[in-house]
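Quick heads-up: structures coming right below.
One chain, chain A, links the two complexes that follow: it is found with chain B in the first and with chain C in the second.
Showing the complex of A and B:
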């Protein structure tokens, strides 16, 4: 059953990615701006323009261009960036680690804030503490990551300048890294001075991304916990002499985790989508920041590559969450 | 039936507070030429980076101070509200019409219609929305209508998903079956019976979407892709403020407060409407 489910999901995934490829391909080719004329100095001859156009395959029909591009993509060739004149796949893979590290760090913050708040709210249900948590959740949820980023810049970048608000790492530092997973590598190499510097840069953008998600986790998990706490076996655990907190941590979390997992998976893709503007806001050198530059420069191959990588990331996360849900849910496991 | 559901049982302070703020901003935007103390575009380099009124060095008449070109912030905020509300209303309504129509069709008829619509929604959900918006505006060319079209093209799925689910559950209910037995056509049932029952959900979503549209417009202005750079926008003001943050914090703070309050109000207004319309929550 799980195999069949996975196969269906894989096929849907490929269909979705193909759809994304078609949409983005068509959309950017409707663009009025000519990327070729932007590359050449003013006064370039028509012959030069035509030669360059042929070089990037822009002289062929739309369908032909799409087939050529798609054949390349299937073979791992995403083309050459027009503005940076480098291999698109190399550029994207160079930036992807920065965005992944930021997103995962943000997810961890969201969990670290959301889980304790949910437990606390469920334990103190019906009190002013729960009401306070509800209000905080409501505010954190309504304000999007872009605005949180600006609030954090003002509070901790200007008013109390304790965190960095620009870049991924201090530029004067000598980096010994061989991969672009700076944070991960700094920990593995035990260079905790660099880890601290990276985290100091990452904390503000990650927190901006994390706050709305933390609120969603806190709200949903608290609701599931409160419903569970009225069930018989929870009452029994309490009669046995376990404290309220123990009951919640031992029995409640185990059973409330499943519905929360599905939601966190979907919300995590929204969080990754949010990195585009948050990276811009904090001049963080990730994929999203590069994407905006690519759009501004009308760098068609680069835009296509980045959008496709984002889409791939989204569908893979959804697939993983779906499979994790199937594996963890006893009803589906034995079904 | 709908009238009976809409009867208020108790007043909701959140609804009134949020609605009140939105009304104030809307009126100020509409009557901007009468309300704004200065011309929002008038530059005066003698008056650059004046602080707000309670800080020493403030100039009387420039209540919230000026930006790096000496333009009055309060006047720019008031005029910026015009674009924010124009985008909020137009984009949200356009997204709502497209999304609700497709959602109704998919949810009520099911089958092939549902499969096609759901596939498109899946594809749309695989795009990072902000990047999609930036891409669309870059393609369409900057300008108010491009911003509105881009937001509607991206966000119709929010309405479609919710309305589809709602229409699906409504379509299974007895009253729909009864109407069918009574000889009403499918389109008739959908528009006369199903749509009114889905309407409360749509209205609440519409308010939420207006808040989202305001933010997306601000983001587009921030990356310098919204409307022409001359007209004041809250996002454009934020972009200026971000640059001069260490010299003049107020250039960033006031548009930011404006955006936060407006977005909070739209979402609270939507929540309030939902709980007022929803018989279960009441």
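Showing the complex of A and C:
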């Protein structure tokens, strides 16, 4: 039973990734723009062009190209970047940690802001406090992440320069890191000076990504808390003598989190999608920033590699959400 | 003479639109006594119970009257103090055991949390106490039950758990809101018997909400008959059944021919009696103005 579920799950994941691979492969080849002509100086001879095409396998048919690429991918070879002339897998894995740290930091901010607001709003239901929270949520939601990025740059980068607006870490610093998980490693190595510098760079892009998600969490969770508050076990908890905040935290939060969780998972994948533009905006050296370069340069193997990694991330996040759901719900846990 | 366990005096409540749902209700429950609160669906029985326990929905406004627990008037306390007092002195046996337990928490902590978190008992003492009460309500596998989630127990089991939890903190007053209506007919009798047994053993006063005269006869010493939020008659249970004074009470009894049988259901009450009562209430409502005393109650 469990084995069968896991197997179905795994097959769905592989099918999803395969679908993404096909779509990306076809779309970027059908789209206008030729990577080869962008590499060569204007006026290069047709013979030069043809030679380069053959070198990158672009002279073969679409199906042949796909089979060659997929065979490589299955063996862990994602090809060579046309613009950077480096192994795609190495490039992508080099940048992935930066994007993961940014996204997870943004998720933590969104939770840190959204959860208390949801609890406060549910506790103060029907009052001016709740109305204020609703308005703030509405504002946060109606401005997309990259515009928040611009607003934050203006506020805390230009008007009141408290945070860095560009890059991942100050370039003059000596970095002792052996992995690209800078933030994580700086904490593990107790180099809190570096942690502070990294956070100073990461804070604004993360906040820009986090604000819409925080609003979604606050709104959804508040709503499902409010629906729970009239239930009998909540009333019973009040009769027992628990304060309204205790009732919400002890009896409500876990049950309200269930319906919220799935949507937050979906929204988190949107947040990761948002890193593409936000990283560009803050010149943050992550996967998203690299993706834009890859598209501008028509770097087909690199685009494919990046998209596949993003797709893999989304699939894994969905899996984690489903597992968390089962963990929180005793009915599912015990069959 | 000591103060009554519960004293409600002139309690009126309205909906947001101003419609009255409780009409100057007065009743007392003496220490150790079971008072039945009987009436048809929608009469406002649960509303009274919720008012006593301080858990009225926000849409309901208490406009006048006072509620006192062992002489302490709740409306005069700060909300926090009033909740603490209610938590320490009272308990609720809810109507529907399926929805009265949190589906995502194990039974054990749900039973002990009041003892430990509100009353400050230590964990071992609370655990022993709960096990003693589980034994009293004839639960033979306390370990399994305490570790279970609510959905793993039957409705009857859950109601036993809730009854045990209600008596665990030695409350002075229990509000039992139709504690058997959601259960199977066969289970109803057992649960009722358990409540009576524990009530006698602990000497707890109970405000027992029901629409069933058969249950009233079995369980209570005193009875209050409610119609449309208005007390129509109160008496010793025996006296009420021997000689009901109000036409509505008589009509209610006539509608339950075998009122000694808790399984008999209510048949419609005599139309003429209802019409008379409704007219009387309508006249009273037209002349009614909430008095100033009510403003102190929250």
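Keep in mind that, in the parts below, the second predicted complex is superposed on the first by the 324 of 335 C-alpha atoms of A that agree within 3 Å, B and C clash if a C-alpha of one lies under 4 Å from a C-alpha of the other, contacts with A are read in each partner's own complex, and residues count from 1 in each chain.
The rule we apply is simple: contacts are C-beta pairs under 8 Å (C-beta built on N, C-alpha and C of every residue); 3 or more make two chains touch, one makes a residue touch a chain.
Just so you know, these numbers come straight off a predicted model, no measurement behind them.
Clash-free side-by-side placement of chain B and chain C is the outcome of superposition onto chain A.
In the overlay built on the shared chain, the residue A:12 is in contact with chain B alone; chain C does not reach it. When both complexes are overlaid on chain A, the residue A:23 reaches chain B alone and has no touch with chain C.
Within the superposed three-chain model, A:240 lies in touch with chain C and out of touch with chain B [touch as defined at top]. Of the two partners chain B and chain C, it is B that touches the larger number of chain A residues.
Put simply, if you stand at the Cα centre of chain A and look at the Cα centres of chain B and chain C, the angle between them is 90 degrees to the nearest 10. Shared-chain residue A:162: touches no atom of chain B or chain C. In the superposition on chain A, contact of A:320 is made with neither chain B nor chain C. In the superposed model, A:67 makes contact with neither chain B nor chain C.
In the superposition on chain A, contact is made by A:310 with chain B only, not with chain C. The superposed arrangement places chain B and chain C with a least CA-CA distance of 18 Å. Put simply, chain A uses no single residue to touch chain B in one complex and chain C in the other.
Remark: chain A residues 125-126, 230-233, 235-243, 246, 250-251, 254-255, 328-331, 334 touch chain C in the complex. Interface residues of chain A facing chain B in the complex, by the touch rule stated above, are 12, 15-17, 19-20, 23-24, 27-28, 30-33, 138-139, 141-144, 146-147, 150-151, 153-154, 157-158, 272-274, 276-277, 280-281, 288, 291-292, 295-296, 298, 303, 306-307, 310-311, 314-315.
Contact residues of chain C toward chain A in the complex are 50, 53-55, 57-58, 80, 83-84, 86-88, 90-92, 94-96, 99-105, 113-114, 117-118, 149, 151-152.
Those residues of chain B that touch chain A in the shared complex are 119-120, 122-123, 125-132, 134-136, 138-139, 141, 211-212, 215, 218-219, 222-223, 225, 238, 242, 245-246, 249, 252-253, 256, 259-260, 263-264, 267-268.
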